[in-house]
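Note that subunit A is present in both complexes that follow, paired respectively with subunit B and with subunit C.
And now, the complex of A and B:
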């Protein structure tokens, strides 16, 4: 049975294996769709809405929707990019993002998205919420000021027995992703680095290695996020 | 063409944005051809002496004097630009924003590890001192701001390109590398 399907993104023909999500299929065909909470290898949750597209005229999240034959998808349009920019702006004002003092600056996906969509200033008022920094682990700092609650750390950072290092605490606007205090004490350097790398923002920072890359050589200093995917 | 008038101010900033203006290097000679400076720390003119085309604000508002100065700029400038992270979002001074002002002052003047000489634990209260605000405000939350140039400090090329575009009415080119928040 033929397992490939064809559909269109912004008029470009995409050929994909059946069962792939739109984000994956697009990527394999050299089309970048911005994502934030999505992480390769773990089930998508469709939480951040960064990957919003229009399928046959309806808004959907492309990280959770499987590609289907004949779909007509809009992605890189003024309307959708404006919506994505608003999501970025909301994330900036709902946390405390002091980029000049952040170790992740230059390598941060949220910041890179803000650059891509040319956010000069968020259109929403800043909320400056009071947030805690947990530095109790000898290996990492968990900074709630910068957490975007994407769950990437919760899903990908586990012990050999499958225990999660990170978990949700509280609800509603008090919701936070916290580090398990006991596991935090036993963390290895490898796990600490992986946790930092898998976090899209500067909410998980490995201790004693900050600001190693000079400005100009960091991941998003010279090229917009997605440049490696787009052809 | 008659020269355009520029004014600048440093509110709750570190003067780094002003330094970055100087980073335009030899283009400063072209700038002098293009503009005349009015109220600014650069020439130490304290009061506006004429209507200004472009006002450039560094720093957010952390005290009553910043607010007065910012309003004074808004009244006297046709176009107002927030230059740099502190003007745009409060910047590092706004790190205190989640903390009640009383706690901040007590830590700074009474309880902090370096306040040994202040044995009477006095929080500065001279009437001459501007009143500190409950938190640090981005400029556009106090007055209308027309343009934003991000960066800490904003790249000299961004400042230059924006000024030239604004003063000559030409299109502005925004290469990826110049818009940065650090």
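And now, the complex of A and C:
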């Protein structure tokens, strides 16, 4: 049985293995679709809506939708880029994101996406929410001001028994990702580093190390997000 | 207490997919889910304590903090407010010596607000220790509190008497009234329950059943309107070790209460609809997800199921049909509007937070525990036995071409005869207003907050899948109502409260829109604010589920149909205003330093 399918993104033909999501298939074919909450190796949960595309005129998330033969997908269009920019702006005004003082600056996907979509001042009013910083763990700081609730830490940082270090609390506009107090105490340096690396923003910061790599020479300082994929 | 908690957990075989039931049971013996119980759940179920809290904090009716001995949940739907909720709240606060949202110092009373509890035709209403109290007056509140303080049991306090119909049965014994004002295909008593199960199933193939359902053109009555026959066909085709049929009895759309009445008066039809569906789809697992607010019906519904079991209408080889094994379990929800969305409902059934799933895959392919799952509304299922008895032609003769059959409407608000009306699809809004005695109507909310707010120019339109689709909620607003402050604001708050928060647009945009809407209400609006509201609302359309996608509807449909109400509030001849209040913003720091700055108005 032939396991390969063909479909189109913005008119470009994509050849992919059956079962791949649209984001994966696009990436393999040199087409960048922006993502934020998606993380390789764990099940997607269209949470950030950044990878929204249009299939046959319908909005879908490309991280959760399997590619199918013959799909005609719109991605890099004025309409969709505008709404992606709006989502980034929305995330900025809903938290307290002050890039110059953030350890993740230059390695932050939210910041990189804001540059990519040329956000100047968000069109939405800032909400300046009062958020807490949890420094109770000896290994990490969980800063709620910067959390975009992408669930990447929840999905990827687990104990050997499969218990999660991070979990949701409350719902709606009161929703937060919190660190399990007990597991936070037992955290190893390796887990702490992994949690920080997997966080797309500066919400999880490893303690006692900082600014090892100077701002200005970091990942997205050198090349804009997505340029490693786009051909 | 520790032994009791461990016993509860082992009653459910330490199965974490039964966390909803475990939490309900713990809360009923311990009053709330305390830290010790959470620790035990962590040890016994193999999930971190935060994972337990994650579920507790999602649902309105679970608590990790001590509740009162008596807990009062006062409905805050718009209809409750229109019928004097404020006076009821004040009286409760005074008599119980407690502020809304807290527990009294002596630990006797907890007083909380809650989203629509399905009593819109008999507001103001409250749930007190699981019992429903409707048509409250300040006098009655004083009496209830006095009697509770005097040590009377909650069951002794229903001085109104029972609400009639089966509400009078000892298993229910509730003051809730059915208020059935118009009966049609479903609500007419012209069918002996289980006749189809007893006489039709044994000589009809599942495919033939699906054929009849498909030909009848019946579509889902919950609001989305998906063709039921097609759903069953997909469910039957999908492969899995088990197949599941779920009855969605989580009606949470503010203003709807028809499922409550169907479940009270016609549960046999609903359950038989599930049995027929199970036969057609090949399901062996049946679940009815009952919203927590209707807990007062739980024992009664379980008794109906027990009777069915003893008559071989559930269980093994149902009615002698070899290999037809099917049973139904009722799962109680815990207070989350979003669980009315079928995939969120399934998540909840699996003991998790009720967050909608990404689709595809749809539940008919991968639903409850990843088995193919058909989810149907209460009203849809209750119609099935009748369609199979009277035939699809009969059903097609009712309603109109796009929408066959009848629709049960829950009508409330400013009308003389609020209640349940079963009408044919295609009935005009004007006719419906005449039926319910609505005079001097300014606006009607059709299909609840997620539907549309329409004014007089649309009263000639009809309820239909091709015109005004509806799950059944209809709230009437008279001329004296302030649509923006009383109605739209209530709905905006509802969506903020009930968003699961897991997708960025719904979690954040609802509050951004509220800020801009409030700016206009506060008299600081400029013309561009109305455009902002409309343009920004578009972003919600990329949300994951129906809640998010429709969360801006109260704003957009009120702008579309009542734009003048917004324009009247705008500042005259002002094109730009940030809405920033400098004086207000520096108030706290002025108080701290004890000095007043000189403010320059920009």
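One rule holds for everything that comes next: the second predicted complex is superposed on the first by the 231 of 231 C-alpha atoms of A that agree within 3 Å, B and C clash if a C-alpha of one lies under 4 Å from a C-alpha of the other, contacts with A are read in each partner's own complex, and residues count from 1 in each chain.
Simple rule for what comes next: a residue touches a chain if its C-beta (ideal position, glycine included) is under 8 Å from a C-beta of that chain, and two chains touch if they have at least 3 such contacts.
Values in this document were obtained by computation on a predicted structure and should not be read as measured data.
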For A:25, select first, second, both or neither according to whether it touches subunit B, subunit C, the two together, or no partner. neither
If touched residues of subunit A are counted for subunit B and for subunit C, the larger one: C
Check whether A:125 is in contact with subunit B, with subunit C, with both or with neither, and answer first, second, both or neither. both
Kindly classify A:170 by the partners it touches after superposition: subunit B alone (first), subunit C alone (second), both, or neither? second
Partner chain in contact with A:182 - subunit B first, subunit C second, else both or neither: second
After superposition on the shared chain, which partner residues are touched by A:47: those of subunit B (first), subunit C (second), both, or neither? second
Contacts of A:161 with subunit B and subunit C, given as first, second, both or neither: second
Identify the partner contact of A:113: answer first if only subunit B is touched, second if only subunit C is, both if each is, neither if none is. neither
Where on subunit A do subunit B and subunit C both make contact? 125
Subunit B partner contacts - residues on subunit A that touch it in the complex: 92, 96-102, 105-106, 111, 114-115, 118, 120-122, 125-126, 128-131, 215, 221-224
In the complex with subunit C, residue positions of subunit A that touch it: 44-49, 52, 59, 61, 64-66, 83, 86-87, 90-91, 93-94, 124-125, 127, 148-149, 151, 159, 161-175, 178-183
How about subunit C: which of its residues touch subunit A in the complex? 46-51, 53-54, 57-58, 336, 353, 358, 360, 496-505, 507-512, 515-516, 536, 538-539, 541-544, 579
Could you list, by residue number, the parts of subunit B that touch subunit A in their complex? 82, 85, 88-92, 94-95, 97-99, 135, 138, 140-141, 147-150, 152, 174, 176-177, 179-182
